[in-house]
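Given below, in the form of structure tokens, are the structures.
What follows is a pair of complexes built around chain A, which joins chain B in one and chain C in the other.
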Partner chain A sequence: MTLPARITLRTVTSLLVISLLAFAVISAMPSDPVAIAIRAWNLPSDGATVAGLRAQWELDRPFIERYGSWLARFVRGDWGISFRTGEPVLAEFLQRLPLTMTMALSGLALAPLLAVPLGFFAALRPSGLIDRATRGLAVFIQAVPSIWLGLILLYVLGVQLRWIRPFTRDWTGLILPVALIALHSLAVLTRVYRRDLLEVTRQPFFRTALAKGLTRSAALWRHGHAHALYAMISAFRAEASWAVGSTAALEVLFGLPGIGQFLVESIAARDYPVLQAYVMVVAAWLLVLNAGVALCLGWLGPRPA
Partner chain B sequence: MRRTVSTLALLLIGLMLIGAVWQPHDPDAIDLSLRFAPPSLDHWLGTDQLGRDVLARLMIGGWRTVAVLGCVAAIGMVGGTVFGVAAAMLEGWRGALILRAGEMFIVVPTLVVALTAAAVFGLNPVTAGVAMGLAGIGPYTLFAHALARRLLAEPFVQAARAMGVGGSGLVVRHVVPNMAPVLFAHIGANAGLAVTAYAALAFLGLGADPSRPDWGAMLFEYRMFLFDHPLLMVWPGLAIAMVSATLNAVFDAH
Partner chain C sequence: MKTMLRALRTSAVLLASVAGFATVAHAADPLRVGASFIASGLDPTKGSNGWALASHGIGENLFSVDKDGVLVPELAASAERVDKLTWRVRLKPGRQFSDGAPVSAEAVSAGLAHTTANNKAALATGGKLAFQAEDPLTIKVTTERPVPLIQALFAEWPLIVYGLKADGSAVFSGPYAVQSFKPDAEIELVANPHFDGAEKRSPITYRKFGDAQALTLALEAGELDLAFGLPAESIARLKKDPDLAIKSFPVGYQYLAYLNTRKPALTDARVRRAIDLAIDRSQLATAINGGLPATGAYAPYFPFAGKETRPTDAAKAAALLDAAGWTTGVDGKRSKEGAPLELTVLAYPQRPDLVAMLPVVKAQLAPLGIAVETKIVENANDVAASGDYDVFLWAQHTAPSGDPAFFLNSTFRTGAGLNFTGYSSPDFDAILDGFATESDPAKRADIAAHAQQKLFEDAPVSFLLSPVWHVGLSKALSGYEPWGSDYHVLRADIGEAN
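Presenting the complex of A and B:
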């Protein structure tokens, strides 16, 4: 099998397994969906309505049959009706997804662009200014929760300095959340890139390159960059997962109408079509991103020495 | 340096554990005559919008954070060891299946698993800790598998095998005792992340119960007073950052 075919197969199986697990966990919810729907939609709570809803949602059929018919409907684009809003879940997600994706992906895209030069100069002069600054940033950013940092930035930039207007509805509202995501990924990726560049400097071939008259920076770039890039792309996966996971908290903090905010609003109402859709969207998104990374690594070829 | 960091960490965990049994004030006692009191001798960190003692609430939150960390570490240790060693011992398709499953779960963010669990079973430190622990099993299995494979190839394990020690004997006597400290340090290196993840979860306030103050929930509550009383949101944030930074420092040195 070719690499793209193998990666596609793995992505689809992973998505199926995750969907089955999520469906099982959500079905195990202790509260009764029929009771929730009757309350949420103001239906009469008589035997006929209950029986009707149970039949419509196939609640008395075996689990695996229910999963099968849910999957068939999901693939066709019927994601169910939200208990809370009474609207189709798919429409709501389509409306909100662009914001969440813009936020997470622009933050994630910015990070490697800045991490390569920063990591390179940090490795060029270990214990130099850039090295110490990026180490400090990494220690800081890994300990300080992004929601708190967001609050502090809101206070300093929004209240004290008045550089930004918080909670605006246009694109400027995205500046802080994108910066927070980018900063976290930047700190981690810079350290990974630097670490692997320095690893190369201890190799005999690096000394040979220096002996042949290459400057340290030219030797680092020519012999270290590909090696360190490989490690950085691998670390990028974990960062992507972190970024997508933290969008919900950032959306709530900054009042952005993305899918995470929709989920949080829906959870109190035990709105499980929304919950299931959220898990599916996030899993699909990250699986596609991972497949992209795997393709990139395959395209780079085997890891250079 | 190492000693200082470790002592500091023990001290911090000790302080957080004290919160389980003792607080300077009743954390839920409302006193509207004392709203937004600044730090004083009686209320070291001041009081909040309902006149509740911030330090007392912080201490309860600390104890709950320790409970989460305990669940995450215990589940990660046990799950990672069992599946990792099993994958290393079982050659062929069974081992491969375990590894494939482990790889699959790296993709799903811990926070999303914890969100789902909180939505289904309600948010408390135990469900959050169990969900985050289960989410960690995948990556820890892969890590433990690599460790166990390396150990199984070591001469002393080969020697034991040549002397007739069977599979379970190898695992119990040689593999697990030698890999446990390394796996623990690896899990510890992610403990800081668990602290901030639980804070994010509590911040989202899933099934939030105001009588049970979590650090993240306190951030959510106090962010309303960002403009007039910014000091209120400093304390829980500082607590999260301190614990997380200390844990990172302790385990980073390994």
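Presenting the complex of A and C:
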């Protein structure tokens, strides 16, 4: 079986397992969505209303039957109706997903673009200005919650300097959230890339390259870059997971109507179709990224010694 | 190395383009309004959408309260009593919904009947309601319970007026119509072309902010023309900004703490009274930089409000806990039969003042030996409805129709739609029954006082503060005048500078 075929098979199997587990966990959440809806919407709490809602939301059917029905509809593009808003979940996700994906992907794409040169120059002169600056940045970014940093950047860049308009609805409103995601990933990826470059400098072949007359920077690039890229791509996988979680917080902070914000509002209402759809989208996102990383590593070939 | 240089160049170009676009000037936009709340949908029967849709200037009621809290006709022209359970309501002529359909007795009756069939909160005052169109502008209303002041009933937020369209959606009559709606995020509003003065009304983008600091920063960054409900701690700073106008105003809202009577630790009224007595309301007022200690269920400017501030007495609170069997251990914590006295106290970010009060409440209960875990939850209504809390800090307009009955009936009557505390008292319900037959305002105030006294004794709620709220305005809306609540944030006249 070819690598892409293996990856596809693994991805589909994983999605099926995740969907079943998620369906079970969400169904087992404490508090009945019907009871919540009746109280939150001030519906008459008579038997007919309860039975009507349970039937409408298919909560009166056995678990396996519900799961099977949900799965069959899900793969056909019918993701159900939100218990909370009464709107089709797929339509809501299609409207919101581009924003979330733009945020997450832009941040994730920007990070390695900057991490490679920064990590390279940090490794070129260990304990030099760039090395110390990236180390400081890494510690700061890891220690500070993105929400807090977001508020600070909002105040400085949006209020004091007026360089950006952080709450506009055009793409400029995404600059800060994207920058926050990119900064976090940049800090991690830069350090990972630098660490593996430095590891190369301790290898005999690196010393041979220098002895042959290559400059340190040329030797680092020729013999260390591919090696360090491996580690960075692996770290990128973890960053992609982090980005999914952080988009929800940033969407709430910046008032962006993405799927993370929708999720936050849907949890307390036990909005099963929305929660299930979110899990599936995030799972698909992570699996596709994992597959992409695996393909990238495969394309790069065996890791240099 | 070439690859690296290419990457560097690409990065530089990307950053430069981002920085360049960030400073692009924008054409004139609609008025931009920000607040911590937004309608959860456009179905007026669901939850508190009736309130939110009226607050957004989308819907209207038959009667409403004006800027001074006085009950006035809105879509109705008058109401007269026919007999004990029957009223006749006359509509104003010439009013239209935003699709151009007339606001007729038939349409209004169908909409209100739909609401009463689907929203229990609409039944709080009059019980089941029946509507019959007698002619194009006259509705005969029959109530299950006698209603001495039908105008107040029709000013209650669940009874927003709308026309039911063939597809089951609703069309409203307020000064603004919905152009687009993104749940939990944003509503684009345009002037309702069938509402007087439409040509003078700018479109509005109404946005929800999940974080009060973000709302403040959006105003400071020039991204909002109206920021409703600014956090108190930001007011001093904002007042120094020459481009902004900050207006503070007393509101009909009360800050209160629901005490969940279904929770084991709180089933005993002595424990609930102890919590009520332990709270020092002046410290809460300090924490939110404004407001007055509550005298009871109503803001002090209402004629039926209490006159005396709720007491604080830590010694009496401790004695009540002792009497209830919650004794203090060597560690200073109270327990009963091995179970510690631990409470989860919630607040929600849409009311930042409540969040600011959380640590104060925790600190005030600690000396009594009560351990408190504080939590902030997003969907306050859903969480309160689920009953998964011990104490819930809450903001509630307690006299939205200018009358004391609705709040007590809808929130504390046994089984009422908004009874989140699980409180059930036949004696209390009997007191409330008095509202059904008494129309004299002074005597209704007496009933309200009697009902509050019963609430003080049974303590399913602790009334905390009568707050002051703040709005921030850009020059485009510097003429905006806030009314005493968030029931009418957007109205026919919002003081546009043009």
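The working rule: the second predicted complex is superposed on the first by the 275 of 305 C-alpha atoms of A that agree within 3 Å, B and C clash if a C-alpha of one lies under 4 Å from a C-alpha of the other, contacts with A are read in each partner's own complex, and residues count from 1 in each chain.
The definition used in the following text is that contacts are C-beta pairs under 8 Å (C-beta built on N, C-alpha and C of every residue); 3 or more make two chains touch, one makes a residue touch a chain.
Bear in mind the structure is a predicted one, so any value in this text is a computation, not a measurement.
Chemist: Following the overlay on chain A, give me a clash-or-fit verdict for chain B and chain C.
Modeler: Here chain B and chain C cannot both sit on chain A without a clash.
Chemist: Considering only the touch criterion stated at the top, classify A:268 as touching first (chain B), second (chain C), both, or neither.
Modeler: both
Chemist: Just checking: does A:205 make contact with chain B only, chain C only, both, or neither of them? Give me first, second, both or neither.
Modeler: Neither partner.
Chemist: Once the shared chain is lined up, is A:154 touching chain B (first), chain C (second), both, or neither of them?
Modeler: A:154: touches chain B and chain C.
Chemist: Answer with first, second, both or neither: which of chain B and chain C does A:164 touch in the superposed model?
Modeler: Only chain C; A:164 stays clear of chain B.
Chemist: Looking only at contacts as defined up top, I'd like to know whether chain B or chain C touches more of chain A.
Modeler: Here the partner covering more residues of chain A is C.
Chemist: Looking at the overlay, does A:241 come into contact with chain B only (first), chain C only (second), both, or neither?
Modeler: Only chain B is touched by A:241; chain C is not.
Chemist: For A:221, select first, second, both or neither according to whether it touches chain B, chain C, the two together, or no partner.
Modeler: second
Chemist: Kindly classify A:253 by the partners it touches after superposition: chain B alone (first), chain C alone (second), both, or neither?
Modeler: both
Chemist: In the overlaid three-chain picture, which partner chain does A:139 touch, first (chain B) or second (chain C), both, or neither?
Modeler: Touch status of A:139: first partner only.
Chemist: Counting only touches as set out at the top, which of chain B and chain C does A:110 meet: first, second, both, neither?
Modeler: A:110 sits against chain C, while chain B stays out of touch.
Chemist: Which stretch of chain B would you flag for clashing with chain C, going by 78-86, 96-104, 204-212 or 240-248?
Modeler: 204-212
Chemist: Of all the chain A residues, which ones make contact with chain B and with chain C?
Modeler: On chain A, the overlap between the chain B and chain C contacts is residues 30, 147, 151, 154-155, 159, 252-253, 264, 267-268.
Chemist: So in the complex, which bits of chain C are touching chain A?
Modeler: 1, 3-4, 7-8, 10-11, 14, 18-19, 21-24, 26, 34, 40-41, 43, 45-47, 117-122, 158, 182-186, 205, 207-211, 213-214, 217-218, 220-224, 377-379, 381-386, 388, 415, 417-418, 420
Chemist: Which chain A residues qualify as touching chain B in the complex?
Modeler: Residues of chain A touching chain B: 14, 17-18, 22, 25-26, 28-30, 139, 142-148, 151-152, 154-155, 159, 237-238, 241-242, 244-246, 248-249, 252-253, 263-264, 267-268, 270, 272, 275, 278-279, 282-283, 286-287, 290.
Chemist: Using the touch definition up top, name the residues of chain A that touch chain C in the complex.
Modeler: 30-31, 35-36, 38-45, 84-87, 92, 95, 110, 113-114, 116-117, 120, 147, 151, 154-155, 158-159, 162-172, 175, 217-218, 221-222, 225, 252-257, 261-262, 264-265, 267-269
Chemist: In their complex, what parts of chain B are in touch with chain A?
Modeler: 101, 104, 106-112, 115-121, 192-193, 196-197, 199-200, 203-207, 216, 219, 223, 226-227, 230, 233, 236-237, 240-242, 244-245, 248-249
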